[in-house]
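Beneath this line is the structure, given in structure tokens, with notes to follow.
Letters A, B, C, D, E, F, G and H mark the chains as written, and numbering starts fresh at 1 in each.
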């Protein structure tokens, strides 16, 4: 590689960055996208001052950890051995806790329940019922339509998903996931 | 599943959401994390009004598409057949364009260059040089240490990565990627 | 490796190329394969002048991008957050747009719907109905039998597939996909 | 799903198809893209009469099978046990022959050599030498920089790749691959 | 599926086996393992002279190629665009032919049908019926319970599987697969 | 890297190890978690003397091999060709035996049955019945809800799973798996 | 399936369980395997009273979470954005924390560093040096030979691994990992 | 690695082959393949009576298990914790034993060493040396060029591979693998 061209590129890159910085990242306008439809409204808000940028909202790691721990604690109190996952709006895992005695199936199950809950912004117990109308929804990669996943919402939009797996029933798993959600409101 | 427990869960969920909403999503404090270290500062800003939330900055789809198109146009002008990828701060693909005549290796190559650039907040031509000190960096899954990837920055932090592959040299690929970055500053 | 043998190989290779070139790539004979069967006729046309070659038809990147953008615009107008994929006749992704606010499940869902539509040359809403007769069709790797995919045809044969995912119903997704197809006719 | 909307979609789809068909698929203009650069020129030719379409050239299955068989025959004559793969311009396998006595490593090795040869339009023995300048090229997914792959060209552009693996040296593998290429010129 | 064609296929299969027997392999003792059980008897024979070794029977590459070509020819005669796979007793692909115009879903579909047929030593049209009793059989990795796969038997034991995919119905696919089996008896 | 910091780290590491060692690994308190619920109690016992550690119980390799061999012997006596897997409490394979003549589908099938049995601490024949209530359980990655898997228990908690596959029915497979379990009691 | 055979199986299973239970799980004999060799001694201790069982030692989830949090806190104090993983002796993830602002490459990088450290019972900074003698060690699946991983030991044997990734250097990452280890000794 | 131990291993390997010859399989010509050719002769024999069939030779499960157990016993005697894999000529795992205390990296490492040894019909310690001439050999999927793999031969052709992993050095691993080979000659 010629050194000259590398320098040129870097200057170009700097110029672009400057332009973005000049545009600023100011006040976040209120999003109008939070309807009560069962669809997947999102936590992305259009930035009114820089035509290139969008802000998205998520849990910080402290909140995500607190929520996961609360879900695990709820399971422990109930004498259940579970794993807990918290994923962000993009389905990426932020926190994973494989509880003592949780089976090997619980980890990916928890992650998929969390992924499913945040994807459709609804508890997976509700989503499982939708399969009666659209049975092939469950063929979408990454999903799991079993009770145990709950969305975390901000202004109605999903910002995270909590998934729990390992208890004898999905109902129990989802109670623990909701305990995780509830911990964020304290 | 008993309907009662489902209703209970939903109320719990609603309570949590209300709590988050009450906390609000206000003014975004300026992040102090944009040092000039070669490390990976990030576009996450702590929300000062809700202890649970963090805002992150990314390109909107219009900007991402415009950047990808600009990179492809630059390649076309130079008579090169390439593919272009734009990924967000989490490495997730936002835009992918497999150009006419681009080889089959170009798609994943472009995505990995973009992933690598946004992960370390530097052009991949620069990152490839770091292998002299830390040769095993290139064993990190998802990465590709070949010129052709460029970060998009906002206030010094990476908010996206643009990757180009398919030209006869990485130098050319990276010129096209930088043309994509530059298009965001116009 | 001996240099001599490399040279020999190259000469051999050149000879082969010459032979192909001599055979030419002339007028494309009309294909007779476009029946109205629900099967998968293809866009491959036998080259009458070179016994080795076949021509296949696809969208160029400008058309594919225009179609994807039109599908995304249609979704935006309807207030929906979706991802859009355009794949070629071989199921390879040409364009991918992850729209603002589209959930994490939408990307692969869109790609699979497009893949499915081009594989059977029919909208996925139609294909989903065929599962009543052949339920295991949906076990074929890479497919997704959910409304939202539409084929792009040239002379009745599939040359591309457009897939949309993220709206509250597959019906909506498919409307947007069809808007993408329609944009190619303008 | 409402039947009405399905019918609407189908009509929309038909309209689009008609538009494409009206545009026609006429004479294929000669491509000007065949330079002698070592880059990756491609076999895609812009269709001058329909702004949406592009034609691409590949081997038909008879030619691909004949080439693969010729490569295998050459290996057999030399007393070697190999596997042979023929991939198209997009790296998709058209023919695979796992020869008698070929080791288990040979199949994917042959496919990757063919993929690599068609991606860069050069024999893999040549491409392996380029690693001296760009060692990380070999980290691109799907590639293998070992002698034994040869491109099939039409008018200088790659239309297929042939890969052979299993002989005691890559030199031998590549001789057999070139025998496959040569069979297309007979 | 029409019952008639299924019966035809089964007769064809039987004919093929007889043909193999007629072709040689010494005196074909009616193997005691060819009961009508749906189990998976195997082609492994204990070597009486070395306590460590077992012999297994498979198709040689010439036979496998001939069978695959015959299946493809049968499809072509019927005006169908398919892909064909021949796998050995261990499910490993020996021959793969992606026919002109075959859709992208056909390759892996053909391989899985062949895998399924050789695993249970029965045509996949028959195996698909067993799902009525054991619906979760189809969750076994690598399988596909769609008509189109046929076992190749020697002395009643499976020595290979032929899979065809891409025709408008599995019935047609399986006719072509059986044509491939029959070609081994000629 | 600076040598100084490496030395510092090592000392830190040593300190941590010492602390753990000082805490000791004493008498294992009896676990109270063995209820008769169909859930997934686990073989982890809290260590009362070191707040950091937990003990888990598994089969040693001699026992696991003996169990696998007993399962295979039982199949051989019944004239069946099967594969056998023994996994530990975490679903990790300890022993795998691909029996003579076992089909290619049997290996992963056996592993998944063993995984499923140890995950829910019940024979897979029982677990398959639960799908009537919770059909989507079978979508959890790694599982297979076919008879043929049996848990190995210690004090009621699962410590291993044995899976068998390849016989004409899951009932037979599970008899062989149970023969493997029984061999541990001799 | 016949109910009778199921009952029989269950009785057999119960018998086996009883046998195991009768054998008991008594005092854990001191392991003699803790040499100072750089090899991979393990935390498995032979159970002297039940010939089938072995005990293995791991961190409980409270300890694993505390260690992960300590590592993340150390990074935060240093102004670094990292991800942290804690894996058990079998390389299975127990805790994963994707810190605020950590790049997308950090998650799997952290898990692999932890996996590598527990596999060889040494910090990855030390292990990276071994590549001078055995460069292909780094080709073992699941590993990453970059500083940032540290083993947790009990009586000299590895019981867990902590991996950190995301800081500008592996040295920093490993300081944070060691802070996690040290937290277990408090 | 010490050259002396390599020589020892090779002698051991030769001894094993002789032992196999002594065991029968007709007149076992002392194999000439321990020449220095790196090729991969194979155990497939053309069936002279049926033009379609070929016979291949492998270990039966009893022999494979005996060999694996012998390798594990040798490791145990040396106080090492390892995993052992035996694969057939097609690289398919026949036996897997994850020894007590073997690290999580050992399983796939053992399988890949066995795969590599049977693919090239040579101990992996020898194969690792070939990388000096052909460094990219190690990029072939499924392989691992670390000492610890040994081929099992019949009449000079590879019929199986034994891989061992987990000891502090590959030299030790390969001694144990060779002990497994030697056990077949007893």
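Following the convention adopted for this analysis, contacts are C-beta pairs under 8 Å (C-beta built on N, C-alpha and C of every residue); 3 or more make two chains touch, one makes a residue touch a chain.
These numbers were taken from a predicted model, which means no experiment stands behind them.
Colleague: Compare the contact pairs of C-D with those of each option in G-H, B-G or F-G, and report the one where over half match by residue number.
Modeller: The pair repeating the interface of C-D is F-G.
Colleague: For the copies chain F and chain G, give the interface type as same if over half of its residue numbers appear on both sides, and as different if under half do.
Modeller: Here the answer is same, because the shared fraction of interface numbers exceeds one half.
Colleague: Averaged over CA atoms, how far is the centre of chain A from the centre of chain H? Could you give it in whole Å?
Modeller: 47
Colleague: Centre to centre, by mean C-alpha position, how many angstrom separate chain B and chain C?
Modeller: 27
Colleague: What is the distance, in whole Å, between the centres of chain A and chain D, each centre taken as the mean of its C-alpha atoms?
Modeller: One centre to the other, that is 41 Å.
Colleague: Averaged over CA atoms, how far is the centre of chain D from the centre of chain H? Could you give it in whole Å?
Modeller: Chain centroid spacing, chain D to chain H, equals 35 Å.
Colleague: Could you check chain G for residues that touch two or more other chains and list them?
Modeller: Those would be 44, 46, 54, 60, 90, 92, 100, 104, 169-170.
Colleague: Check the chains against each other and report every pair that touches.
Modeller: A-B, A-C, A-F, A-G, B-C, B-D, B-G, C-D, C-E, D-E, D-H, E-F, E-H, F-G, F-H, G-H
Colleague: Could you please specify the touching residues of chain D with respect to chain H in the complex?
Modeller: Within the complex, chain D contacts chain H at residues 80-81, 100-106, 108-109, 112, 128, 131, 138, 144-146, 165-170.
Colleague: Of all residues in chain H, which touch chain F in the complex?
Modeller: On the chain H side, the touching residues are 60-61, 65, 69, 72, 92-100, 104, 107.
Colleague: Can you name the residues of chain E that touch chain F in the complex?
Modeller: Interface residues on chain E, with respect to chain F: 33, 37-44, 46, 54, 89-92, 115-116, 118-120, 134, 136-137, 139-143, 158.
Colleague: Going by the contact rule set out above, which residues of chain F touch chain G in the complex?
Modeller: Result: residues 1-2, 5-6, 8-10, 12-13, 15-21, 25, 27-28, 44, 46-47, 50-60, 62-63, 88, 90, 92, 123, 125-126, 147, 150-156, 159, 169-171, 174-175, 178-179, 181-186 of chain F touch chain G.
Colleague: Over in the complex, which chain E residues touch chain H? Could you list them?
Modeller: The touching residues are 20, 23-26, 44, 46-47, 49-60, 62-63, 88, 90, 92, 154, 159, 184.
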